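Each of the two complexes below includes subunit A, the first together with subunit B, the second together with subunit C.
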Partner chain A sequence: MRAKVYVTLKPGVHDPAGKAVVGGLNHLGFDEVKGVRIGKFFEIELDEGPDAEARLKAMCEKLLANTVIERYRVEIA
Partner chain B sequence: MNRRVAVVTFPGSNCDADARHAVALHGMEAVPVWHKDTSLGNVDAVILPGGFSYGDYLRCGAIARFSPVMQDVVRFAEAGGPVLGICNGFQVLCEAGLVPGVLLRNSKLKFLCQDVTLHMEGRDTPFTRNGGVDIRIPIAHMEGHWYADDDTLARVEGEGQVVFRYVGGAPNGATRDIAGVCNARGNVVGLMPHPERYVEASVGGIDGKVVFERLAEVLS
Partner chain C sequence: MRAKVYVTLKPGVHDPAGKAVVGGLNHLGFDEVKGVRIGKFFEIELDEGPDAEARLKAMCEKLLANTVIERYRVEIA
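Up next, the complex of A and B:
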């Protein structure tokens, strides 16, 4: 089976790289862009199992996200 | 008897030799420990050195934190043993939850390699002393912006867990100019600047010696 994991910065956490992307987009004429937050996206292939979702969450808690600054969302395809 | 200080080498560590040199220079025995070792052996303190463990993949320190040796480092820290994390070692300590907060990318997105002045404050630890003299030592990092949520920040400040603060502003954007923190118990310390690089006048300075002198004194 395949799962998608999105890891994004919590609100309020400084994202200077996201800010630089806003500047770049504005520079290209996309003046409507007011904010960008950069996150991470994981495609995970794993064996099917009854507790796959719980185990994916455990993966996020333990390694894929640092919950001090990041939140995560799991989608199972 | 010589006090033994473990210096852990992860794949990508590059300040481990400097850390061992600084330990030996202050009359202690530096014990090299490989990240795949499952035990620290019989040691009196542990240093996690600077570098780029596992290429900083995913997040700095995130993968090193699960190296086999880290289980024993956590056990040692929880038993009250002195543990110092420098630069990448600090990032590993944060990822392991042994010290509060996290290190974000520098606010100006630039690798910073320069001398900084630090004020030593907070509680006494095995590596620092409240009211110690200000020291000037180098930083060399891309992710040194210390950050914690408001509750954690209030607790860290209130409990004297800020042990190093940049004087004249943090070049990396660190919250409240925080350069180094300790855990609630005070035995685990992490800092971004490199005391081990300034222990000999011939390479730029000796201000880093106070950290190792303090450890030698505490262990004696």
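Up next, the complex of A and C:
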């Protein structure tokens, strides 16, 4: 089975890389861009199991996300 | 308006970071995980315009994605 995990910075957490992208896009002429926040996602290929969703959340808590500053969303395809 | 841009490695492009995540998850006891590919996404806040989608694609081509090894998907919320 396949799952997707989206990890984003929590609101209020400073995102300097996102700010740099805004600057870059504005500089290239895309003046309509006002803000960018960067996140990452993981496409995970895993064996099926009855508790897949709970285990995916555990993976996020333990490795994929830094829950102090990030939140995550699990999507099972 | 808000848009999301998802950037992923093209199939066949080696993803050493994803391989490292597989190793880490297996090591933590998540033996069901067989593969991971890592992508990134951008949450973009921008002023509305009639050609927003075309302009977002141009942003991907010029800055957000390396189209030699990555593909992108634009989603307008």
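Just a few scattered comments:
The rule is simple: the second predicted complex is superposed on the first by the 77 of 77 C-alpha atoms of A that agree within 3 Å, B and C clash if a C-alpha of one lies under 4 Å from a C-alpha of the other, contacts with A are read in each partner's own complex, and residues count from 1 in each chain.
Basically, a contact is a pair of C-beta atoms (placed from the backbone, for glycine too) under 8 Å apart; a residue touches a chain by one contact, two chains touch by 3 or more.
This is a predicted model, so every value here is computed, not measured.
Between subunit B and subunit C, more residues of subunit A are touched by C.
In the superposition on chain A, contact of A:69 is made with subunit B only, not with subunit C. In the superposition on chain A, contact of A:45 is made with subunit C only, not with subunit B. By the touch criterion defined above, A:28 reaches subunit C but does not reach subunit B. By the touch criterion defined above, A:14 reaches subunit B but does not reach subunit C. Shared contact residues on subunit A (touching subunit B in one structure, subunit C in the other): 63-64. Listing the residues of subunit A that touch subunit B in their complex gives 13-14, 16-17, 20, 63-64, 66, 68-69.
Residues 58-59, 62-63, 66, 94-95, 101-102, 104-109, 145, 147-149, 152, 173 of subunit B are the ones touching subunit A in the complex.
Interface residues of subunit C, counted against subunit A in their complex, comprise 6, 8, 18, 21, 24-25, 28, 30, 32-47, 49, 52, 55, 58-59, 62-64.
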